[in-house]
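What follows is a pair of complexes built around subunit A, which joins subunit B in one and subunit C in the other.
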Partner chain A sequence: MNTKLKVSEISKIYPGCIANDKVSLEFGSGKIYALLGENGAGKSTLVKILSGVVKPDSGEVFLNNESIKLNSPLDAKKNNIGMVFQHFNLFETLSVFENLSIDSDNKDEDLRVLVNDILKKYNFKIDLDIPVLNLSAGQKQKVEIIRCLIRNPKVLIMDEPTSVLTEQETDDLFISLKQFSKDGILIIYITHKLKEVLSLCDEVAVMRKGKVVSVSNTINEKIESLANKMVGENLNTIKKKINNFKDSEEILKVSNLNFKSDDPYETNLKDLNLSLKKGECLGIAGISGNGQNELFQILSGEIITEGTSIMFRNKEIGKLNPRERREYLMAFSPEDRISQAAVPELKIYENVALNNFKSSNFFEKGLVNEKKIKEHSKKILSNFSVNTDNVELKSQFLSGGNLQKLIIGRELITSPELLVCFNPTWGLDVGAINYIHETLIQINEQGKSSILISTDNDELLKLSDRICVIYKGKLSKIMNADTVTAEKLGILMGGGSID
Partner chain B sequence: MIKIEKRNDVSQSIYFLTPILAIFLTLFGGGIIFYILGFNPIEALKFFFITPISDLYGLSELLVKATPLCLIAIGLSFCFKSNNWNIGAEGQLIFGGIVGGGVALLFYNHDGFYVLPIIILSGAIGGMLFAMIPAILKTYFNTNEILVSLMLVYVAKLLLDYLVVGPWSNPEGFNFPETRQFSESARMPILFDGLRIHAGIFITLITVFLSWLILYKTYLGFQIKVSGLSLKTAKYAGYKGKTMIIIVFMISGACAGLAGVGEITGPIGQLHRNISPDYGFTAIIVAFLGRLNPVGIIFASLIVALTYLGAETAQIFLQVPKYTGQVFQGMILFFLLGSDYLLFFKIKFLGLKKNEL
Partner chain C sequence: MSFDLNFIGILIGAIMASSVPLILAASGELITERSGVLNLGVEGMMIIGAISGFALMVVTDNLFFAVVGSMLSGLILSLIFGLLTQSLLTNHVATGLALTIFGIGMSAMIGKNFVGIPGKEFPLLFLNLKESIPFLGPIFFGHSIILYFAFGLPFLTNYFLKKTKTGLIIRAVGDSPTSASNQGINVTLVRYSCILYGGAMCGLAGAYLSLIYTPQWIENMTGGRGWIALALVVFATWSPIKVLIGALIFGGITILQLHMQAVGLRIPVQLLSALPYIMTIIVLVVISRDSRKIKLNTPTSLGQIFYKEK
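This part shows the complex of A and B:
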């Protein structure tokens, strides 16, 4: 059975941005296609159009040379187009089988036979009768895939499927996808990870700013060539020089720190130990939800612990709140830049005033010193190349990259001895990522320390001097970055162990 | 199909103009109601909104009513701005009245300049303490402040009932449910002979000014603003969230307590069962109509005070129940919330396609 899918001259315009600009692509079964592009390149819009979530302003979709209308997700299902989204749509408290039976037309007995066949055929090992919440991310994804397979899909679209997976789970997924492809399912794989394109896909279409800029066979491509097509400029790769900190002064020591949360959705931290030297960057890897949030809050003082469990420059700071810790020259950049690190409704200078350290004199005798805050804000805007000089602008009008520059700038302009940052570059475009990375390297060069909690392994390997992994609230052994590979991290992130 | 989308940018001037639109819509809606009731709408609205303030006495009455409303609403704005939903200002007003009134009764045969300030202060402290109950329960036991503060209103009301019927009732009062009249030095000075407007208005004006100062010019005000917009950010910035909840409730309660003591030492002069025609609840409308802004609240309190007066005139001249006043207050809130919704969201009507069915 041959499947041909063709999108022709698809355009979709959102206010202020052209998400898809006359996109035309052709796909045929038996191959795995990559759709590659940065955040905001238009991949997701195209996928949403193919799955019936979004209607295009113009253009047509052809399945086996017949024009099809995709007005709703139901239409996509009718046309045997299956879709696995980045975020899972599963009921956590229901069993795997119940989740599958919800949107299946089959009788339960028939469905069970069908699902067991699929499990056997593709060597999936999932217990159908346990609640979904007990599954790992990889297993949940398999449930989503099975849900598509039940309907004998002609087309299977995977939207950034590996963002939540470990390296091992990713390898497993790739094996399955190759098998599906052999069985005649047309696979469209959306990603911004270049390595995956090369190891998995047969053809790659690169999108940039809503347009398809290139379609080619992956055999003829290299990581660099794809990166250049994706970004549209030659990137200079940053790689940090790894230093030896044996003789440097120890600046932070966390010892035997435990945190038990009242909230069942939070992760408990168990027996954390770590130390940090002057000028060093400690990377903390892990799949999100393994305690990074709690660790960040403990380091920033949003969660208070025993005084002696955290020593910063030989002072007990465990009991201090974030503002008090800032007085000891610590700085923090949280993951959630939109609703935590800054308030979108506040003006830039008001957001700057959130970092109110004593010597700033932002608030003298309890009164607001607007002039001082504004001067200080102007300095941040120009020193950290934020593309505005209007401190009265509400920060909701800054792009993600500029907002992050403002936040990092606000934290760094006080020359802190330690910066703790959590996923500082998520969702940013390559230009902004480079800027943030350069800044983080720069502060280490100036002898300041940093802790980088991140779910992006490339970023960690690029910036850290030492790396450890957090898994289910526990820290792995801390390793020198030059001995760590992505593979090793993947094993540890998935709960495995290495020698 | 109807789709509701959030608007990204709402202009500041329109934000402050919608309350005025809401008032016009209320007048329009009121006109329709009067028309249905068989009155000439223009005439009826004139009785409601113009006649009450067409003489000096009327204007003075307007200020007498606006004084407590404005004071309470200012206090509430501290709570509402920081996402603390104090619905129990009426209870705090009554409790402030009870404490202030108790002190006044203590001094019933005393004269002296010191009497009134002591009464006012104790009233403020009374309201403040009463407001701290929901605040402390919220911060330390995670209770819902809306429920606690609201239920405490009834506690305060019943306590007042008990006191004026029982232990504090006037020994020479033939068992009427009321206390003695306060002494002359326990009364707010009257500003003009023959009018009821009293010195309480200065307390209100000073409070408005102080509130503006605190909200817009101090670190505390900045912290309140940030906490109201994002509690996560407030935590990250290291603001002491619990302390702040208690502080805003204290400010709010003190204002309500002041309003209560202003009423009993001003126009009333004693304690009885009905020391407030629900000022504490109506002030919630005032606070939102004034956009939680001190100057806005001044104007809003005048407008809402007018609905109290209008209801009384309408009762006399049109023989409609005085509860029409509450109908108008309800309409103001309804139209304000309605126009706010349209201000922050846009509604898109999408044609219903056959294949969507």
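This part shows the complex of A and C:
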């Protein structure tokens, strides 16, 4: 049966921001639709409205020409609209089967048969009786998809589904999505990745600042044309010159790094060795959850491991805490901006003061030297083009991009010899990503080194001089970036081997 | 020898009786916490249950009304907690502490007129079997119906949480209220129900103290048992069966150390009195140290306020 979904004049206003401004779109089954836009363009709000999580201020949704009310997620389910959220809506401590059964009206035995049929049909391999927390991101996403499929959806909405997947997993997902589309399910695919739009989708709607700015067939589009529509201005592409550092001075050497954790959520690290030259950028690729967190924490001194030697500028620093490491001119930008790098409830200058260093004189005789901190903070805000000069602003009111600029700025203003950053552009929009990338290239040009731990392969290929992959707590061999392709990275990230 | 054996039986019976209020309150709180709500008002709800049970018994002369009334009063107190934390989104910890302080004060005020009034005899079941079978008789028979209920409760709770759909929903809400809400589960309703159930069980635990265990009203008669129950839930890593074990150890060592004091062992009394607390924690920590199980059993959202997106 053909499905037609139409949203008409949808508006949703949050205090200080128009998330959706009279959005009207039409979809029909048999096609895959892309909804493209930067962060904050209003895509997520629109899909939240379609899945009943958020109520629109005005406007209507029509399914097969009938107006439907979507007041709660239950309404969306009743109308056979399935949704896979960007941040998984799974219960980590429950088993896969429990996660599926909580949402189903079937008897457990019937459900098991149904789920096994789905697993077979789409060639998914998932153990139903292990807790979800033991699954990889790709598997978790499959659980979400199965949860939708159980209800015979007419519409399936995918919200930025590939942000946590490897290339291989992404390919698998695309195959499944095309199969669903053939089976008559209408698919709406939300993303800010342009390549995916072109390789997967039939039609694309671009959103900017809450409005739909363009609807077109993807055959008529190119990456550049979509990027310009999305950002609303012409972007210049940046490309780093890959250097050869054979003769440069070695700045960091990690040997025989082993880490064993008691925590089932964490990954053990096995026998990691790496070295870094002055002015070099070492990229570490991998699917999240393969030990990047632990590696970052060990490099930054949040975790101290026995018997591991970390030599930095000819000093053994393995037993030093993060603050002591900073004294030796290391700097760190953790993955989670909100909970690890900054305290959202604190003002900008207070967050800057948290990162105090010996020469800063932020604190004198146990007292806070507010004037000094504020001056220092102002310097960061202007040097790193954060879009405010108000150091009294609470950090939670900064957008992700501006907060990241503040954090990187806070680290770089002391001109460290080494910056370790972990997913520095995660969740940021194109403009902010460009800025951060330029900054990271700049520090290499100034002869400073960097380690870039990232799950974004394009970013790694763009910025690194050498690249390696971390998989299940082990490092692959370190390769020169000019010999590496996205395909090679994908194979290594999925546990395969090359040459 | 048969006398000694019988004495041990009686001792075990006494230990079981002393652990009943802990089992009841902890089982109730366990359900509340499994839904992600941390209610520190256990002590307050228990003491309100104790006084209202006793007062109703005196006024109506009916033990059934007394027991039901005690549960209702615990439930009402927890309803206040629910209104504050779930509807007005106040902080769980502060609200729970306030509830305890309120409960203790309120009970003392109501209880003024009931001090010194003798309690009524609560019917004990199978008394003849208790007398006629040595050793096992005093262990299994001659208890109140509430004791039997209390000892069945952890197993029921375990079954309920693991095998029923409602139990699954409660665990899901405790794991991630946002996900649950996005799946169309009414998080607030689930949490309210769990809070009210916990309140009723705490009320019943209080009534057991004032109607059966020491049938009279004494100000502050719960004597910190609510806090022990709370600690039991955490140290038992939210497992009902381990709560039962913990409550028995606590009750057991409490009774044993009293006997040791009576015998006049040359151990400082303070140390003996501290023994139940120390031993219970040690045992529970040892039996619950599987970090994987802790992760799986701990309600991830415990104590977090849930805002629904609008």
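What to note about this one:
The rule we apply is simple: the second predicted complex is superposed on the first by the 442 of 499 C-alpha atoms of A that agree within 3 Å, B and C clash if a C-alpha of one lies under 4 Å from a C-alpha of the other, contacts with A are read in each partner's own complex, and residues count from 1 in each chain.
In this section, a residue touches a chain if its C-beta (ideal position, glycine included) is under 8 Å from a C-beta of that chain, and two chains touch if they have at least 3 such contacts.
A quick note: this is a predicted structure, and the numbers were derived from the prediction, not measured.
Within the superposed three-chain model, A:464 lies out of touch with both subunit B and subunit C [touch as defined at top].
Of the two partner chains placed by the overlay, neither subunit B nor subunit C lies in contact with A:44.
Shared-chain residue A:262: touches subunit C; no touch with subunit B. In the superposition on chain A, contact of A:91 is made with subunit C only, not with subunit B.
Touch criterion met: A:353 reaches subunit B, while subunit C stays clear of it.
In the superposition on chain A, A:71 makes contact with subunit B only, while subunit C stays out of contact range.
When the two complexes are superposed on chain A, the residues of subunit A that touch both subunit B and subunit C are 72.
Interface of subunit B with subunit A (complex): residues 8, 216-222, 225-226, 229-230, 232-233, 235-240, 353, 355-356. Per the touch definition, subunit C reaches subunit A in the complex via residues 165, 168-169, 171-172, 175-176, 178-185, 291-292, 295-298, 300, 309-310. Listing the residues of subunit A that touch subunit B in their complex gives 69, 71-72, 75, 300-302, 321-326, 332, 334, 336, 339-343, 345-346, 350, 353-356, 363, 366-368, 396. Across the interface of their complex, subunit C is touched by residues 48, 51-55, 72-74, 77, 85, 88-94, 98, 101-103, 131, 133, 262-265 of subunit A.
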